[in-house]
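Heads up, the next two complexes both have chain A, just with different partners, chain B and then chain C.
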Partner chain A sequence: MFRVLKNEILFKLNGWTFVSFIIGLFIIIPIAFVAIQFNNSSENWHHIQENVLYKYIYSTLILVLGTGVLSVFFGVITAWIISFYEFPGRKLLEWGLILPLTIPTYIAAYSYYDVLETFTPLMLWIRNNISFSAMNLFNDFMVYFVTIIVLSSVLFPYVYLSTRASFLMQGNKLIESAKILGHLPGQIFWNLILPLSRPAIVAGLSLVIMETLNDFGAVEYFGISTFTTGIFRSWMGMDDVGSALRLSSYLMFFVLLLMYFEKRMRGNAKFDQNDDSSLTHKRLVLSSSKSKSVLVICLVPLMLGFIIPVIRLSLWSISASKDFFNIELMQIRFNSIGLASFSSIIIVIVSIILLFSSKYFSSQIIKITNQFAVLGYSIPGAVIAMGILLVSAYINDITNIIITGTISSLFIAYLIRFLAVSSQPIDSGLEKECSQINQASRNLGKTAFHSLMKINLPLLKKPIFVGAILIFIDVFKELPLTLILRPFNFDTLATLTYDLNKQAQIFDASIPALIIIIITTIPIIFLNKKLERKS
Partner chain B sequence: MIYNISIKASSLFLIISFFSFLSGEINLYTHRHYNSDKLLFKAFTKKTGIKINVIKGSADQLIQRLQTEGENSPADILLTVDAGRLVRAKNLGLLQPVTSPLLIKQIPSEMRDLDGYWYGLTVRARALIYSKDRVKQNQLSTYEDLAHKKWRGRIVVRSSNNIYNQSLLASIIAANGELDAYKWAKSVRSNMARSPRGSDRDQARAVASGLADVAIMNTYYLGVMANSSDKKDQDVVKKIAVFFPNQKGRGTHINVSGAGITKSSKNKEEALKFLEFLTNENSQKVFSSANYEYPLKINEHNSTILKSWGQFKYDPLSLSVLGEKNTQAVKIFDRAGWE
Partner chain C sequence: MSEVLQISNITKSFRGNAQPAVQEASFSLKKGEIATIVGSSGSGKTTLLRMIAGLEIPEKGQIILDGKVINDTNIFIPPEKRNCSLVFQSYALFPHLIVRDNIYFGKNSSQNYDLIQNLIEITKIDQIQDRFPHQISGGQQQRVALVRALAINPSLLLMDEPLSNLDRELRLNVRTEIVSLLKKLKITTLIVSHDTEDALAISDKIIIIEEGMISQVGSPLEVFNVPKSCHIASLFGQSNFIPFENLDKKYKHFILNEKNEKVISVRPGQLKIVNELAVDEDLLCEGTILKICLIGLHKQLTIKCKQFVVNVNLSNLTDAIIGEKVKVVFKKNFFRYN
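Entry: the complex of A and B
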């Protein structure tokens, strides 16, 4: 341990690693503030443990499990169909299936706000013909069922995207050989392709799970007491910061565990992927009847996660009192676009600096700080906001500088929350494309800056682009952080949707919600183009 | 020529900035997001020249933010939708006491902090609504009665995460003691037709759809629904009626949307003027006509819809108590299994 540290300081301390270390620390502090509270024994902890902790764990697990399974189901099946079969409409579906990503969970929940009520006649029938407790059971089931469907139908594209990319990468030779050896397509799928794609599926799944844990709007609306709602109940309802932080830290450790498993699974399988990926796939052309059935299969999640919400919102927007182009809305649109663009630039630059200096100098310390710095993604946005508020209280005490209420506080918050989003593609890009070349470049005596500019950045164009777009979309949709840290008289499309919704102006809220969807659709189409394999 | 124009322009700019310096600004942290407020803010600026800057957010987050910003906070006023959070802000040392004869005159004593840390602005009544088809008015009486077995499977109420429910239970603790409050919460929970979810409006919808017969909800939501552009909401309102419970006893539970001047306020005088403005007779009418809330003098309004619900007696419990018993209420809800 000591030797490693000494080694780090003697040989790896330079401008790059120093700056990276400071940035990393800066990001970690609010997160660490939460993490160290796992043993906080505040006054109400006993009460929470006795009465509600079990319920929080139980309902969070059901939600995570249900949403995870359904998202994998939707994601893998659609990725399989799109990658291996040719049928009319495939091209359209290929990028269409990503579109649900444009709908944040709070808007999905809002577009389905009355869906549970449609079951009232059935519930009444159960009460009258079976029993009251049967109705209760049915109701509880439906609450989870609907929430899980709503969440998975907008989150499954994470699995679809990662799995599809992995399917496309898998060697054609392997599949061809399997075919020649007489294996049926089903066998090839179960025994060959699925195991090979497991790391990709798990990667997508872990994003789904984090988004599920982050959701507050949907679960609150459907009345499910998860960890996240519990955190706020303790914080605000019981005025007990300690318990709230302790619950948050539990949530964080859960995600940490998750990430550990994800890494391990990915790590084991990493080398199996780089088969002859230069070959193009030959997709199996389907007969018209089979085409129809795969079309229907792909359309189900797309309908649930995109088409139905958009149709409903569009219908509501007809009755709205404002149109899409009034001056106030234009200003707000400008706010959202500006915020999202700047954030994605800042965050991408930071992730490049952090990852490059960790890889280039193979610094253990930076590697570790990086691993902690990306944890922000696992913490519900609203909890990060609290962490930032607590930390900036200290800063305010010492320096009299107020960070809250300025645009920069929003950038800091987004950096903490979304660093992982751009780090992931850039990290794997560095790993895959640059590590050996960097070694060579170092041996040739080039500076780190030279290597970065001349070798790494050109090679990393694609992952950087992907990271930037993903952050743009995430920031554009972001609600809880923006809500609490924004400056005076400042709205984004997300906060406006939330506000109008709170006032039950279902019709008026549809307009900013639709604008969010429309604007995020554009970069998503770009993203898809980039991710498509160049043949 | 150009020189001339630029002189004129810059002197005009100077004059404007001088006046805006004179008339000042107020920075408002508010949980409210209603059109009635927008109207009132405009009217206030028109009348006094004082500009209102707004940050909307949940009161909890705004309080947290005030706490963070400490003495340097730009906020002058914290506006919430319940008294409990104002008490919390007071206890955290975020507000400062102010007083004025006008405020004392315009606001009944139970609807403001006795030390002047916060003042109520509008009143919300948490009453019962019931199905006109399946419940007779004389079957209803008190909140306490909802714990009776005869209501099994017939009640809907929203989650106890909601502050209005926490305040209601706080008032029941104040009236009947902790043990009875616990028994009440437990029985009402087991009488519910479904696990709690959704907003107050969703409870009205559930009653209209026949899933339940009685709901606890704030009356102003009913006004909003009755005047909604959504025909479905209008139909819901036609099927239900309002009942004010506990009329023979302590009265119906009320809460206020209120405001306090922050400790850090740099525009205290303007802020005070603003509070006086919001509580004057005219503004009070705007709250009741545009947002269907009750004015501070609850029967002094000429809103048709409020009149249609009838007059009622309210629980004169000092609203500070709601804040003091909030934690206790949340814990009781937890123990009673009311999600």
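Entry: the complex of A and C
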């Protein structure tokens, strides 16, 4: 430990590592500030603890469990069908199944706003013929049931994508060996393919859980009290920042616990057999009747998560009072595009600086600060927003500089939340493309800046582009962070959709919702095509 | 000749490994000398090379290059400021730059125009200067990497397994080319290789490293003929380990095991069989031929002597019959180092 510190300070400290360390700290501090609020005392805490904390825990756990199980079910089944069987429409479904990712959870919820109403006659019947409490119980059950289906139908592609990639990477040799040893296709799937894909399924599932915990719009709309809605209610409803912070810190520990279990479950397992034979993965051609069955199975989550919401929103948009090219809407569209584009640029630049410094100078300290800095993606937006509010208040006290309610606080929040999104492709690009040639460049006497400009950036064009597009999509859809930290009178398409729905202006809300879907669908299809071509 | 590189007591450990990767390594290189570090996988040879290049920081010890301390307890000159260049095992050519840009990439390389043109001519890569690395063969890539490393006119050239990616025929050609080029330019060179045949063919000096420790330093013939341990002897091919106690005390021996058994190493090719002993021949033992094995151009005889079994390589033309009684004697070349 002492030796590492000595090497870092004496031999590796330079402009690059110093700046990276400061940026890393800057990103970590708001999260760390929330983490230490677990004992924060506030006037309403006693009330929260006595009356609603249990409900927050209970609701959050039910949602996480239900959404997790259903997403794994949808994701694994569709990945299995797409990877191992050939049937008419397979190619279309292969990329079509990722489209639900373009629908933010809150928009999916709005598009099913009236589903619960269809159960009203049944509920009245239960009240009249059984009891009032039985009706309440059934109502609660239906609310959770519908919310879980809505969330799973738009989040399952995380499991689908990781599992499909794992299925395709598994060497044909293994499958052929199992066949030679007398195993039937079903046995091969359960005893070989599924266990081998466990790390990928867990990785996809963890993303589903993080997104469920992050969701605010959908759960608020269906009236479920989760930790995230609790944070909003404490801060905005009760004006109690202390309780909001304490809830945030509890939620953060819950997320960290989940991450720990995820890591334990995945361990160092990496079972993919990346040999040449995987490229000749043979799909079983299905008969006409079986083709129809698997087509229906794949279409169910796609209908629920994309086709039905888009059709309903499109139909509502015809009745909207404003059209797509309304001036006010253009301004808001400009806000969203500007915010997403500028955030992409800033976050990608920060990712490059942090990752390049860590790898180029083999700095352990920067590697550690980077690992903490990318934690933001796992932490719900509401928690990050509380951290930024807290740090902003301290800065305001000390320097009189106001950060809260400015665009800069939004950029900082997006940086903390989405740094991991661009870091992942850039990091693997650096590792794969530049690791040894950076050493060669240093060895040939070139400076770090020269190596970055002449070697790394030209070679990392693709990962940088992918990272930037992914951030653009995420920021464009983002709701909870933007809702808490946006400047006064500043709207994005996401906040406008939320506000209009809150005012029950379903038809008008469909226009910004559709714009979000259209603008995020284009880059997702483009990225998928690019990745397909690469593979 | 003055010493270009001096390594003293260099030690390096990696987290999670109980044993240091390199332990108390010391040796030196003179101007124009070509040395090869030889060792099995994981012995620490590449770590040692990377420490000299500045890509790893040693825990302790000192490295002096051209009379200047580049590594000490409180000194660490980063790789970009050391006047040594490294040819990587995978060549590490910049894939998006053409051969010419790769060659001229290094610091101040444009000032060495004449040297570079000379190198390009000698290595016969003038026709491929406008091509990208993926458009040229493995042998050409190897030469480009070598010219790029030499283009900055380094005091010391480091090469990590430079021939391991080439097929056998190409390897023999490139090996000869490299040696003649380095000798012509009088470049002090330190090579890492697990291939003892390469090491014997190209080096002035061989440094043997075992489990992080340098166990022998010497000329190729010295290391081949008088290894300091069984492991070193085996690194360079098959050998007979003959008990020292029954031999003339003039032979150089080493300790075989913990029981302090002393042995000498004699290669099967350093022995021959005779029916009658000549005056100037040294007898090793008398015995009976147990087995005859044909190995390419020679045959190997396994001979059972009184106290040990010995292997002897003979020409295919020599007659030998299983069960025949023979005398095993040392060939003259054995005595050059013993």
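In this section, the second predicted complex is superposed on the first by the 427 of 535 C-alpha atoms of A that agree within 3 Å, B and C clash if a C-alpha of one lies under 4 Å from a C-alpha of the other, contacts with A are read in each partner's own complex, and residues count from 1 in each chain.
Just so we're on the same page, a residue touches a chain if its C-beta (ideal position, glycine included) is under 8 Å from a C-beta of that chain, and two chains touch if they have at least 3 such contacts.
Just so it is clear, the model here is predicted, and its values are computed rather than measured.
Contacts of A:Ile57 after superposition on the shared chain: neither chain B nor chain C is touched. Of the two partner chains placed by superposition, A:Ile353 touches none, neither chain B nor chain C. Of the two partner chains placed around the shared chain by superposition, chain C is the only one that A:Pro458 touches, whereas chain B remains out of contact. With both structures placed on the common chain, the touch criterion links A:Ser319 to chain B but leaves chain C unconnected. In the superposed model, A:Gln436 lies in contact with chain C only, and not with chain B.
Once the two structures are overlaid, the count of chain A residues touched is higher for B than for its counterpart among chain B and chain C.
Contacts of A:Asp499 after superposition on the shared chain: chain B is touched, whereas chain C is not. Shared interface residues of chain A (contacting chain B in one complex, chain C in the other): none. Residue ranges on chain A touching chain C, taken from their complex, read 3, 7, 10-11, 362, 433, 436-437, 439-447, 454-455, 458-459. Residue ranges of chain A in contact with chain B, taken from their complex: 44, 47-48, 51-52, 55, 114, 116-117, 120, 123-124, 127, 132, 135-136, 139-140, 143, 220-223, 225, 229, 232-233, 235-240, 319, 321, 385-386, 389-390, 392-393, 396-397, 400-402, 404-405, 483-490, 495, 499, 502-504, 506-507. On chain C, the positions that touch chain A within their shared complex are 53-55, 57, 59, 74, 76, 78-81, 84-86, 88, 90, 92-96, 105-109, 148-149, 152.
Looking at the complex, you find that chain B touches chain A at residues 27, 33-34, 53-58, 60-61, 64-65, 67-70, 72-74, 88, 152-153, 158-159, 161, 166, 193-199, 201-202, 205-206, 209-211, 221, 224-225, 228-230, 326-327, 330-331, 334-335, 339.
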